[in-house]
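Chain lettering (A, B, C, D, E and F) follows the sequence in which the chains are written, and residue indices restart at 1 in each chain.
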Amino acid sequence: MKILWINPIGNDGFDLIIGKMLKESARDGTSLDVVSLPNYDGIVIGCFYDVGLREAREVSKRAVVVAPCQASLVFATHLGNSFSVLVGRRKWIPKMRENIHMYGQGERLASMRPLKMGVYDFQVDLKKTAEVMMEEGRKAVDEDGAEVIILGCTIEFGFHETMQKELGVPVVDAVLAPFKLVEMFAETAGKFGWYPSRKWGSEAPPLQEVKEMALFENITSIGNLLKNDAIQ
Amino acid sequence: MKILWINPIGNDGFDLIIGKMLKESARDGTSLDVVSLPNYDGIVIGCFYDVGLREAREVSKRAVVVAPCQASLVFATHLGNSFSVLVGRRKWIPKMRENIHMYGQGERLASMRPLKMGVYDFQVDLKKTAEVMMEEGRKAVDEDGAEVIILGCTIEFGFHETMQKELGVPVVDAVLAPFKLVEMFAETAGKFGWYPSRKWGSEAPPLQEVKEMALFENITSIGNLLKNDAIQ
Amino acid sequence: MKILWINPIGNDGFDLIIGKMLKESARDGTSLDVVSLPNYDGIVIGCFYDVGLREAREVSKRAVVVAPCQASLVFATHLGNSFSVLVGRRKWIPKMRENIHMYGQGERLASMRPLKMGVYDFQVDLKKTAEVMMEEGRKAVDEDGAEVIILGCTIEFGFHETMQKELGVPVVDAVLAPFKLVEMFAETAGKFGWYPSRKWGSEAPPLQEVKEMALFENITSIGNLLKNDAIQ
Amino acid sequence: MKILWINPIGNDGFDLIIGKMLKESARDGTSLDVVSLPNYDGIVIGCFYDVGLREAREVSKRAVVVAPCQASLVFATHLGNSFSVLVGRRKWIPKMRENIHMYGQGERLASMRPLKMGVYDFQVDLKKTAEVMMEEGRKAVDEDGAEVIILGCTIEFGFHETMQKELGVPVVDAVLAPFKLVEMFAETAGKFGWYPSRKWGSEAPPLQEVKEMALFENITSIGNLLKNDAIQ
Amino acid sequence: MKILWINPIGNDGFDLIIGKMLKESARDGTSLDVVSLPNYDGIVIGCFYDVGLREAREVSKRAVVVAPCQASLVFATHLGNSFSVLVGRRKWIPKMRENIHMYGQGERLASMRPLKMGVYDFQVDLKKTAEVMMEEGRKAVDEDGAEVIILGCTIEFGFHETMQKELGVPVVDAVLAPFKLVEMFAETAGKFGWYPSRKWGSEAPPLQEVKEMALFENITSIGNLLKNDAIQ
Amino acid sequence: MKILWINPIGNDGFDLIIGKMLKESARDGTSLDVVSLPNYDGIVIGCFYDVGLREAREVSKRAVVVAPCQASLVFATHLGNSFSVLVGRRKWIPKMRENIHMYGQGERLASMRPLKMGVYDFQVDLKKTAEVMMEEGRKAVDEDGAEVIILGCTIEFGFHETMQKELGVPVVDAVLAPFKLVEMFAETAGKFGWYPSRKWGSEAPPLQEVKEMALFENITSIGNLLKNDAIQ
């Protein structure tokens, strides 16, 4: 199956490494190579703000669109009664909390804890990042009563395994969660015909409007990067 | 991976046919054979009331437990803005509506429409069942504004493909939805260590209590049936 | 009037003492003796998880079914603006919180405080239990702003009077609350014909299904115990 | 026990007949005679808008205050999954709906149906009133799915028994419901010490403020009426 | 335009100074002089409990009625994501919290912090009041994450400017907020015909009932005071 | 004061006429001329989807940002108990309903009625548009119980006065509502220092990020149009 990962942020410094990570976690037969928009089997919004999710869904044709926050909640609600989200900065909290409520999981949110780090800080000093995440994760479990931890930024990748071993609760990675979910949706679209609805509010906008939005014009496709850079 | 399908209803008349259906939709390498409880990779509650979901989750050890209603909502919320549930009898509505609200998706529920059929009626006169389902499904879309249809009983299997072709919206089958979801959870448990939390409210009850509950004592395992009956 | 108290837990060690307590608090003419199911005037689920409440209501015929958590909320919402629940273990919290939200009183819940004691611990060292309950009760009032305390387990009986004297707020006992409420419902059933609805979702299930559920088969009737043991 | 029934409407034309009705439904030993405010065991707000409920609760000293709408919901939620309220005029709906939501029962509200009659119309042409109530009650059950009917005005008294016989669902009378509930609270106050909380938001206002509010100054006490008119 | 400010509290000690404050903040052409009820362009309930708001709206004829709490929320929700309310006493919290939820802004409420002062204390020792407000305001921002502060009593006037300078977040004054809002509504009523709805629940009550309520009988009109006292 | 009206849709065919309309409804001294971003007193998102509202608020510096849907709700909630929104197409409903719930007014929404017209249809055949709007508006009032009508598209301008005269309920225009509200906020910003919070979630993003977003780069400023076209 063919998956498109959209990086909604201009900066493409993390695309290669995220691409590698996805390759390694993919099922046999799942491809990240990209040819053209109409042929995608699934699309992932690559940002935990789930930026443009609704818009992408309207123009995605037959591809199910998945986003990190909504996808992480699918895992969290099946693995425990409550969860905490470790975000980068306090600034991120209101919008992400609003999304979590909109997705219907506000009651299960134990806390949102800021790590006091920006997007570009997580992957600089890995030891320090790990320490801060562990500290806040532990407080989330012990003080806030979280039964599951969600890493609230796609760039917080690479830490979940160590964390869950030490904390003793599942730690959901915001890259892997939407990727495995989109694989499943791509499969069920093909096998059972469960393509996105195109009725009422899910109707695609008039072609003219889509062109004006130019949503996919400047997408830096991780898949293309991977092809060019010959990741095996 | 090894999946357990629990039939919480005493009557086992549909186990064989549901087992066949799951076999056909499984990935390569997914097995429904059952050896013993501790080794399950995933468990499905086989009833759209999601009966005993919370209790099963407490005693499931390392297996993620999935249930038809909650699983169908994962599909419905990714395929459209709103959904209707086609239930058997009006009697089923309050409990199922309560579950849908509890899962946080009450706002997206367009309607619940009774087919005026009991569990044992769906598979008797297939032509008549199809007609009734199509009629109520069409009303759900046209009058109630549903963008997705959910079949609100595991025994409403076998109809979703014809329906979605005619109605033009995705129709989520309550057998296939939890099965594909549990496959994914079984995979992510193994690959990423995302096993159920056992912290706070997810802690397993004392062994003594579990024995008294005798939850799994009389399970008619579909897997065993399948093995015995040599389904290929 | 005739009241049935169902002990949903296998262990019957507390039945006698709870029976005595109910006898003493009963109105003149209220009887706990039990003859046979069809003649009950009221039924109480004897566990603060309100286990099987919905199912019991479907098969209760003309008896109103009352449960400790839901009943305690009737008292708490008439006695103050907010309440805290003193539960045994942190493990109990998610399910009980879910119930409180489902009953529509989530906004009034100030806190749930675990006493770090199991069901079988409350009645062992009464002095120690009283101390722990007082300490957490005081924190519930002073730190969490509770105006009423609910004792979140039927086995936390025997403490409410001392507590409310010292804390200066009403302390609702989870045995007495449902008992007085069911007495009222038994009376209004007889006087005004306010029997449980049997329409739509409240319709009784087919007789065959009830037999399979065997809900009342092994009930240890407190009433029978009382009769046999000649409590006066 | 001593109960005070407050008639918040200036007009006292219905006090005598409501008083008679309460006398007949009272337990032995329940008295409606009134001596002075401090000695009440319970207080009822005699209007389905639950007017001044919060204020009355603050100044009620040791008397639990009960109101028709909130009390009727206690009955409705124990007798079925959903209810409809038969109100007089469409004008009444928004405020009453707001109250029902505030009491946490908005999810269970099937519908509010106006009878197109004012307070003073219900008791004029009893045959016509009965017809209108039966017609709207039937629609509430059949079209809106109500399992219980609540009569949404204290002056809709005298109809519930005929209605519930014909409709086959319980019909909650807004006079009897709060009265039986306040009897129970008066009893549990005396027996278990469950008096209203006077902590935090339930603290009584300063005496000076109460005087200025003059809440009880011009109350037409039904109890006094009854005493004077020598109802037996 | 002509604005009426209703002081629902008996005591009129603050009317003169609030009147002055409003005069200074009024647009050119806004008058607070009062002639008679029917000619008002706008009405303000002068108490943060928003006492009698619904009733006043029913009888206000063509005047839009505004209340401090609801009006402050209009400002707070346009100036930030979350807000805290600084109330006088802990006693005030439940009713005000209930209002905030009823107005639909419960999710944005970061905290309610009591200043431990009564209505008559705020304007006695201004330096001490300022200190306490600053201390609680700072905690609201730093500990509770408030992005905006609302002063939860009309008598907390005179402090917002100093506070917002020191705290670095907007501080909404409960006198100025409803006043500027009512000016706008008075203008849009005249310009666009946006007078209060008089349909369904907004229908005015029968004249007889209004007379019995005598809502406006003893209003101490600030406007009249101002006229008499010749404020310039 | 200086107001910026952002037209988030590429097409600028309606800018001139909306600009004229705003000029006519402005207070003396309100200017729509635009010089540069930093000096705005207020900003309006010119689309009823409230597109980009959160993002615009983060980068608006000292200007309060107002949007048509949120602003219309301020009017609707002060003019009546419930409202209906007349939208163009059924497709618009889910996103707009989601916004209304997010703004906390979901409980007051009587209905959303599609006019079956697109954005570019409203101003083509004015007589036909008026007829359709009147028909749906009447149904909203009579069948859905709406006390106020909101016109759910900025291009539905020019109809509210005739409609409210015929329907007898206030009809809120989605151009005028945000414009008058932003005028008020611009005034209170200057007079009382009520500028947008820049704390926590309201903190402005790093300058670099704003440049990358290029939010205001291609804005077709109505103000500039007006200046150039010399509207008086």
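Note that in this section contacts are C-beta pairs under 8 Å (C-beta built on N, C-alpha and C of every residue); 3 or more make two chains touch, one makes a residue touch a chain.
Bear in mind the structure is a predicted one, so any value in this text is a computation, not a measurement.
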item: Chains touching both chain A and chain D; value: B, C, E, F
item: From the options D-E, A-E or C-E, the pair that copies A-F, where over half of the contact pairs coincide; value: D-E
item: Turn needed to bring chain B onto chain D - CA fit, degrees, nearest 5; value: 120
item: Fraction-based call for chain F against chain A, same above half, different below; value: same
item: Most remote chain, CA-based centroid, reference being chain E; value: B
item: CA centroid of chain E to CA centroid of chain F, Å; value: 26
item: Centre-of-Cα separation between chain F and chain C, whole angstrom; value: 53
item: For chain E, residues that touch 2 or more chains besides their own; value: 81-82, 90, 93-94, 106-107, 145, 200-202
item: Touching pairs - complete list by chain label; value: A-B, A-C, A-E, A-F, B-C, B-D, B-F, C-D, C-E, D-E, D-F, E-F
item: Contacting residues of chain F [partner chain D, same complex]; value: 81-82, 107, 145
item: In the complex, chain A residues that touch chain E; value: 90, 93-94, 101, 106
item: Chain B - residues contacting chain A, complex; value: 25, 27, 64-66, 70, 74-75, 77-82, 103-108, 141, 145, 147-148, 160-161, 164-165, 168-170, 172-173, 176, 180-181, 183-185, 187-188, 191-202
item: Chain D contact footprint on chain E (complex, rising order); value: 10, 54, 90-95, 98, 102, 200-203, 205, 212
